[in-house]
Amino acid sequence: MPVKGQVNFIMLKVNVYVTLKKEILDAQGLVIKKAIKQIGYDNINEVRFGKFIQLEIDDRDKTEEDIKKEIDYLGDKLLSNPNIENYRFEMVRE
Amino acid sequence: MPVKGQVNFIMLKVNVYVTLKKEILDAQGLVIKKAIKQIGYDNINEVRFGKFIQLEIDDRDKTEEDIKKEIDYLGDKLLSNPNIENYRFEMVRE
Amino acid sequence: MLDVEKEYAKLGLKKDEFEKIKSFLKRKPNYLELSIYSVMWSEHCSYKSSRSLLKNFKTTGTYVLQGPGENAGILDIGDNQAIVFKMESHNHPSAVEPYQGAATGIGGIIRDIFAMGARPICSLNSLRFGKLDTSQHQKYLFEMVVKGIGDYGNCMGIPTIGGEVYFDKTYEGNCLVNAMSVGLAQKDKLIKSKAFGIGNQLVLIGSSTGRDGIHGATFASDELNEESEARRPSVQVGDPFMEKVVLEVCLELLDKKLILGLQDMGAAGITSSSVEMASKGDVGLDIDVAKVPLREPSMVPYEIMISESQERMLALIEPAKFDEIKNICNEWNINCEVIGTVTDNKLYRIFKGDELIGEIPVKTLTDEAPVYYHKHEKPRYLQNMPEKSLHEEDYENIERKFSNNEIFKKIISSPNICSKKWVWEQYDHMVQTNTAVLPGHDSSVIRIKNTKKAVAFSCDGNGRYCYLEPYNGALIAVAETARNLACSGALPIGLTDCLNFGNPEKPGIFWQFKNVIEGIIKACEVFDIPVISGNVSFYNESFGKAIHPTPVIATAGLIKDVEKITDSGFKDDNDEIILLGRDLNNKSDNDNMGGSEFLEIFFDKVEGKCPDIDIEYEKKIQKTCLELIDRRLIKSAHDVSSGGLAVTIAESCIYGKKGAEINAGLLENNFLKTFYSETQSQIVVSCLPENFKKIEEYCNNEKIPLERIGRVGGTILNINSEINIHIGEIINIYDNNIEKIMTI
Amino acid sequence: MPFDKKPYFGILVFPGTNCETDCFHVLNNILKVRCKYIWHKESHDDDINAIIIPGGFSYGDYLRSGAVARFSPIMSFVREFASKGGLVTGICNGFQILLEENLLPGAMLRNNTLKFICRYSYLKVIDAGNPFTSGYEKGKIISMPIRHNEGNYYIDEKGLIDLKENNQIILKYCNSDGITDASSNPNGSIENIAGICNKKRNVFGLMPHPEACCEKILGSDDGRAVFESMINNII
């Protein structure tokens, strides 16, 4: 569930999904796809391999906007490689 | 959006998330956490590193139940190692 | 339709080049043809600025089976065996995307090797970055480049056994990543890339073709600036697993004699590989882009033709063999499609199915590509270069400020001097179980199974020296690799080079280039080492500033008897330590601080003259070292290079885990000069005390100065009672300093 | 033939395997025993009486090391062969495949250094009462190359107790004095474990590369005894 505005005291979870850009060869995805076919499931069309990074953030002193900016910064500089990857994220409060 | 029953002709996307079990030390997550703190964001509490695998399935001839069984099989036997990892998945139709 | 009149400049072609194309075709090229010309005539593919000079290299000799011109050079090592090797740069891609840039650099050079029919047996790499302590970015580049090289080579099962890493401000905006790979082949199974036999077919084997790396060759032929960032889509990614499979498939096809020619796809993809095959065979070629397995169906012909998707090979086959080839590829689960046919019309024709979409005379893409002989002029910075980099009072100042122990520790902890263990421990350097000398010693040694032979490799190139004196710097680069080989007991038999320079259109840069080439030519002549392959990388500039001219030389040596492999570590207590080749009482021998590590560390400057080298004398020293090894008179040998004599002695202690008591008789009080000057032609050896007389006799005969400077033993390195440090402390500093820096 | 039991080794080859020739060299050229390669698409082999799963990067180790190889046809033969008591050794990637296949307990995690490690490591022979290390003295300290990205062995608490109770821990990383502690642990492996066997003691997995240290010219021949032990224990 997305959060609105500033919420105190509860941990904020952010899920970041990092995926290879469309035009970039996904060698891992290809190997997994072949393996799935080998297992006998031939209704598989495509497999894309990515990263899934869960962050737990103490957002007590920050607004949602602050956090979003932070995650965007991290997504660009640390969590993804902008040369070959895209990222997106969602905030959840469980 | 989750699918119900059998739907024809459209590709089904399945997102599989593989994460290390809680009790297992996540070295990659730790390194990212350290890096985030180094950047100056010290409101980070925890980082967990996982895999995000997107499957595109032709489900023309299968029921949702079939597909779920298939994915569960793959999740257990191929996509995750149950000794150290958990997986969950969701089906989406875009 | 794109207007080619407006597009040619964007593709890196000059106005008169465009005119030349029109006159070759007698019409305007279409965009596809223009793209093909632009990649084929790029500096990267055509060597248009360097060809006129490179042709003066000595390229033949006793051991040479194949000189420059093929995918890699070949040397005969006896017993119907040959080694195949080449070095190549991947500087620009690595500066933009260090991990993938380095990985695909390795992948590319490995393909060059098995394209000759050889199984890759080892790799080396030569790396240059800015200083590690100046920015996190340099650490990031270093970390990712090493990881990229490691991950690719490790997965391929090819040991990365050696190389070099230097850190200097000059590489801050433009790192260098030069990779070398070596293969072993049966002489009678070698294969070439020439296309021949009208009706024979070209088969594309390996990965599918995607939009990656489009215009990579053009990108590599330009300076780096803000725009380079925006051109990031040129980035290619590597798939080492695919390459491993392609390697096994190609070697199997060769083994079963199913293919007639083989060519890797590197820069400029299908275009350059197929054009080169056609040009070498002086035949025509029809290519059908519709047959190429694509990653993205929407790709247009010019993209397909110049895509630099990795892990692809082009094989020349007889049509009748196709089914058998296809079966083998199926067994390994990889693509295999006929995409071209050899014709007799000497035209390079591109089809999309039945439709002819491009037609170019083959030779206009290769032999008739432009050649430039640029203006050259001594660069301005050399006009006011002081002769002497340091004066007496400078030394006195340093001695006042630091104790000799402190000075020594500063030197051995410099990332340019200390162990590169942090690097090579990330490389599998033992797979294939042939690595007879592990990384860290003067050269890396690979034994050849089922024979008594071994081959040794060393690579080197000192950008500071070449900046100060390009000609002498180049002499030293060749001399040092040969000297490293001599220290291992290997006779140098051939070399490859990677010449990294700035923009050749600037007269000062072209002057550096010209002088370096002349230096290499001279050294190769004197040492009798042929150049069998190589690579030129220009435009290594960022924001208008060129790197130091950096020729990297990698030399191969032959060891006839593995029992005689020698390394640099001291062996046993009480062994005699001898300095060969230098007269410690000769003042001029002691004043070689120009461009030295000492000068850089304590004065932060690159100045003066590079060390003198008398190359005939150098040759004698090396011969002496080899002879002493052959007669089994010495137990270790280690040459003096960066950091000077003190570093050499320390390294022999470190590798032998032994202390030493050094007492070198000095004429006057010139400790710093004696021990940190980078004087050439010196080798420190150790021997059983009873062998000293024989060594002395040999050296006297050869008129080689030698001096007993100390003994192996204990747990302390003591140099003239000025340096006195426990060997454990030295090892700790030397071994772990890079790791320490990298974890801050 | 120095051995009257006529050993015949099968060396498995998957796409991406890269130590098969190294194993072949040791068995054939150095120890002079018969061996052959077995392609992963084979479903069985009736000639051989010992199996080596060599190191490398099967399928690039792209998903998880060893994860894809287990679906090859040959693996059901390996399972059957092991269930009949045949000797199986998995080296490095081979060890990872055996773990994925559940022929050995536990799993491999990334090295806690997050770096590939290639260097010699000291090992302590914890158990010599098995067909793979019977040629060593119990407690002996040997040195072998390790070369891996994922050698950080993990097993849950209960599994670890089991391993200990059944003497399944065979090799541990240690220092030159035989101390097995955090500072002599190269990759974070639980209790410094470098090699284990199954309960029946006929399946052995180890991260170090014994095939890479069987000749003095390579710096050590400490690995020979692994192959010699197998040869001597082939039934």
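Per-chain residue numbering starts at 1, and chain names A, B, C and D are given in the order in which the chains are listed.
One rule holds for everything that comes next: a residue touches a chain if its C-beta (ideal position, glycine included) is under 8 Å from a C-beta of that chain, and two chains touch if they have at least 3 such contacts.
Note that the structure is predicted; figures quoted are calculated from it, not measured.
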* To do: Could you see whether B-D or A-D has the larger number of C-beta contact pairs?
  => B-D
* Hey, how far is the Cα centre of chain B from the one of chain D, in Å? -> 31
* What whole-number Å value describes the gap between the mean CA coordinates of chain A and chain D? -> 36
* Asked: What is the distance in Å between the mean C-alpha positions of chain A and chain B?
  -> 11
* Cα centroid separation between chain B and chain C, in whole Å? -> 43
* For chain A, residues contacting two or more additional chains -> 27, 31-32, 35, 39, 49
* Asked: Which parts of chain C, given as residue numbers and ranges, touch two or more other chains?
  -> 239, 241-242, 333
* Which positions in chain D touch two or more other chains at once? -> 59-60, 62-63, 67-68, 71
* Which word fits how the chains touch one another: line, ring, star, complete or other? -> other
* Structure fact -> The chain D residues in contact with chain B across the complex are 63-64, 67-68, 71, 99-100, 106-107, 109-112, 114, 152, 154-156, 188
* **Touching residues on chain D, where the partner in the complex is chain A** => 59-60, 62-63, 67-68, 71-72
* Asked: What residues on chain C touch chain A, complex-wise?
  -> 96-97, 99-100, 207, 210-212, 232-233, 235, 237, 239, 241-242, 295-296, 309-310, 333
* Along chain C, where are the residues that touch chain D in the complex? -> 147, 150-151, 154-157, 239-242, 244-245, 248, 331-333, 424-433, 435-436, 438, 447, 449-450, 562, 565
* **chain D partner contacts - residues on chain A that touch it in the complex** => 27-28, 31-32, 35, 38-39, 49
